[in-house]
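In what comes next, chain A is part of two complexes: it sits with chain B in the first one and with chain C in the second one.
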Partner chain A sequence: MNTGLSWNLAEDFRQLFLYSFMVNAYRAGTIIAVLAGALGWYMVLRRQSFAGHTLAVVSFPGAAGAILLGASASAGYFVAAIAAAIVIAAVPRSLGGKARSSESAVIGTVQAFALACGALFVSLYGGFLNSLTNLLFGTFLGISPAQVLTLLVVAAVALAALAAIARPLFFATVDPDVAEARGVPVRFVGTAFLVLLGCAAGEVSQITGALLVFALLVMPAATAQQITPRPALSFALTIACGLLIAWLGLAIAYFYPEYPFGFYLTTLGFVSYVAAAGGRAAASRVRKVGLQAVTA
Partner chain B sequence: MCETGETAQSAVRFSHAAATAGGRVIWSEVNLAVAQGEFLAVLGPNGVGKSTLVKAALGLVALSAGSVTVLGLPAGQAGRQIGYLPQRRNFDAGLRVRGVDIVALGSHGERWGLPLPFGARFLSSRRAAAERIREVIELVGATTFANRPIGQVSGGEQQRLLIAQALVRRPRLLVLDEPLDSLDLPSQAAVAALISRICREHKVTVMLVAHDVNPILPYLDRVAYVARGGAVCGTPDEVIRSEILSELYRTPVEVLRASDGRLVVVGEPEAPARHTDRHGEPSSVPAQQW
Partner chain C sequence: MPRLSVRLIARVVTTAMAAVTATACSTAGGTFAPATSRLITVVAAENFWGSIASQIGGRHVSVTSIITNPNTDPHSYEPTVDDAKVIAAAQLVIENGIGYDPWAADLLAADGATQTVLNVGNVVGVGVGANPHRWYNPADVQKVITQLVTDYSKLDPADSAYFARRRTWFNTVALRQYHLLIATIRQKYLGVPVGASESIFAMLAPALGLRLITPSSFLKAISEGTEVSAADKQAIDYQITHHLIKIYVYNSQNVTPDVRTQLDLARTARIPVTTITETLAPPGDTYQAWQVRQLRGIAAALAIATGR
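Right, the complex of A and B next:
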């Protein structure tokens, strides 16, 4: 398939894009990294990582169910994740009481049930164990141009919708009481966000698999928010970091195909987060020591 | 019970107002007028519905009877002219958003869409907004810590930033719900002095909810005590007296004056209603004792 990594960067680069499956993988990875970064940034700020993970896990039975029914896995990912987003947004409210505390219980319940359904669908279908690993841990092989187009359209619509609610959503996230008093429809933007997050989770699952979505959904945003408390800058850094993780991950997976792709992707995200958090801790230590030196 | 002469000039006016929650009357027959430029404190023990009173003025809670007007308009329609600081919000220590960003939300946070990147370079309105944000941050004395993540500054510093957020749009009425709650004593004194300075120097009417009158006592024009049957208001000397509060709460209440001028109110009913409000289980709570 390839001649392995050489020390000639230009040659490696040419190698990387020699085959159309790799070009498609890069197109899909780029679209997904941007969408996941944008929604992940809000998700980390809103402390809704658990909800995001559940939406991704739910996309697994969605895809497995779609394959079982003979539909496209891609449609299954979206339908399941968006439906789950609506359930998660609606149920805690109708149960009454404190929204925050009952939300995580509802999410946990939905997640467990979804995984169990996924297992059932897989066993009903029988004999596609290879593809089970892909559904759970991701693959970048065999992405068709039609699939790239779907990803692009969904991402464009979701990003446009996010841009429309971006500022009130930020207000409702960091300061919900004042936002509500100022006329921001806090619940509406919260529900809209969950649905958009469902779109993103459905997209990311298609390349990272249902269990490793955090590589692109959480890790870039968490890294960027460690680096800077400036909202616009950390948002831009999130997108940049997501793109870097996706591009590097794909390159490594191409040259070293013997290990799972999801592992590369997640390791890159993990390393960037640890570096950012460690760097911040070290910087504050240095500042403190410096301050002591000045005052002493 | 509590009327001022000039009707047209009231910043906030409740007449025969009542509020209920879950079928229970929180308060009724509240007549209260706050004159423009006045510093008024809404006082009373926990659970008597002080927050409900300010939320009714903001139009966030509907009255079950009577009416409330704010700056001459029905409640909820004076939007931009009111600066509101809800009951103490704690920012998560891990929230990586700067204080200045929280203040900026007070200027344009509810607008749909997305601010243009680098807009401040091209749009004069954005420059003016940024200038105003700098100005209020300086006004509340937050310049030195406004660029730090909000979760990492102290409670008193957070409260200064939130006051700045409420002031960005030059409101004519500032509504503060327990702004001194859970601050240490020096911070309480400093924030109270700041609010008073804003009231006097910038001609902003202030309606402040508190359960302890002492930190704000030197600055107050009038106080309003709220109870189930209504409200009494007047100057602190008129209202914070044993016989007035005993009558209002229908239970013996004693007001003591310490040698340093601090007031101590003894025997205020600790309303069991507090539990109904916060946990939503009215059946398990004993009947009201007052």
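Right, the complex of A and C next:
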């Protein structure tokens, strides 16, 4: 039963997809990586990582509460993350520095309370809520075809909605004042974006756990935006990077099950970010040295 | 600058959507059906069921148990890739159910569940919220054995007579001491009041004819690792110090500070103490050897306590 990695790539590949649970995991991972990459790219650009993290953390009490009520954890992730997105969007954020600081305070308050609710639900459920570590740090085992279908439908709807608001959202992100003056509904696209981000956070939580969503929500976008400032290119790079992290992470977790899946996934994201940032620093240094050589 | 690029982004989003749809809809046959020549591959979520399953199946089954380590709390078990693999490769999966091992149901769902599933909760007809420790209920163990014979015979009809013989052998030979001890304790100590640390004893006590007077909320709380009420603790302290219980039965795999306090109180009050465990201990033991040793301990404690 213990099949390790061999030098035969084709054989490894066959091993990887031998079982339906891995096929389901790959389907789910692919859907989630694409959705998270798209929303994460905007999130990093809009500097709303804290909000994104909170939406994910809120999905934990959602899942725990759903299990407590006898519903599926999958539904709980979405309901809680989207509800929290609406709460956070209700806080005025368009009025300068003061409103911004109060926004992050509200988000922090919501996050702390949500985590406490999660602890309450786990305690109410009793010792039988045995997936606590999985809810927080992720798992790729036990993804059913029905769950994959749910992930797919939510991702398709969310991406369609994102495509519909992509242009005004980008405008409102890079220059909100000018966008507003030009008649872009800045507040509306901001709210819509947060709700979509809630969908993404709810999806990502289902495989990374509530605490490690950034592995797919921030890391790919942060990496891509280190590599290039061009929006379309960095957007495509984000999706590619997210897919690579998800696919490689699943493969490593399958062949080396000794350590937690969330650790592998996050480490891959971290390494790609460090490599991109390091490469960028090195490149700018080379350019500077080159410039000095020319002027000297 | 942004005009062209944003249109590009919109296009990338649409393409990505199409990619997602394509990936998710592509079919990949991942079901795993092992070829067998009259050897049923069985996976039991816990080793007490695994031990019974392998003895009923004899030479026509190969049983793998997932939870075998006595130090693992089945309530908080996190399955591994290897667990998912053995479940995918199994023909019969035995899960306790009753909210005890939901990870097993999750792994089955992820696998598309082509296996025969023996869910003990369904077999005995109880759902989530009931006492899940059915392997401590002799009547329920019999129901599970009956179901095992039925499932084995369905998977391997050619050997159905063999499985029926194994069942008779198991009950008359393997479980002989077990049945005998239960009958003896019942006969000698009927109605004797006893105390326990958790709900794994709650179904064995009535089967033995003993009167378990520990508040059931306390038994459940210790078993599930939740908050214990002060009122329950006081009631139990009173029961011990006033000798309302004759013996104290505790789970040595789960000695919480509250249980430790009660143990000390019982020893001071010279109330005999004996142990039972959640899973097979030592892990290589058979179900019957494990149960018999525990029943002997209970009988010995009762003999000291009552002088009978």
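Assume the second predicted complex is superposed on the first by the 284 of 296 C-alpha atoms of A that agree within 3 Å, B and C clash if a C-alpha of one lies under 4 Å from a C-alpha of the other, contacts with A are read in each partner's own complex, and residues count from 1 in each chain.
To be clear about the criterion, contacts are C-beta pairs under 8 Å (C-beta built on N, C-alpha and C of every residue); 3 or more make two chains touch, one makes a residue touch a chain.
Because the structure is predicted, anything quoted here is derived from the model rather than measured.
Legend: residue contacts after superposition of the two complexes on their common chain; A:R182 is shown touching chain B, with no touch to chain C. In the superposition on chain A, A:N24 contacts chain C only, with no contact to chain B. Once the two complexes are overlaid on the shared chain, A:R230 sits against chain B and chain C alike. By the touch criterion stated above, A:Q292 is placed in contact with neither chain B nor chain C. Once the two structures are overlaid, the count of chain A residues touched is higher for C than for its counterpart among chain B and chain C.
Of the two partner chains, both chain B and chain C are touched by A:A163. Contacts of A:F171 after superposition: both chain B and chain C are touched. Of the two partner chains placed by the overlay, only chain C lies in contact with A:L141; chain B stays clear of it.
Comparing which residues of chain A touch chain B with which touch chain C, the overlap comprises 163, 166-167, 170-171, 174, 230-232.
Across the complex, chain C is touched by residues 1-2, 17-25, 27, 30-31, 34-35, 37-38, 70, 123, 126-128, 130-134, 139, 141-146, 148-149, 152, 155-156, 159-160, 162-163, 166-167, 170-171, 174, 230-232, 235-236, 239, 253-254, 257 of chain A.
Per the touch definition, chain C reaches chain A in the complex via residues 2, 5-10, 12-14, 16-17, 19-21, 23-24, 28, 30-32, 73, 75-86, 88-89, 99-103, 106-107, 109-112, 128, 132, 220, 223-227. Chain contact summary for the complex, chain A toward chain B: residues 45, 47, 96-97, 163-168, 170-171, 174-175, 177-184, 225-226, 228-232, 234.
Chain B makes touch with chain A in their complex at residues 58, 60, 79, 84-87, 89, 91-92, 95-98, 101-102, 105-106, 108-115, 117, 148-150, 165-166, 280.
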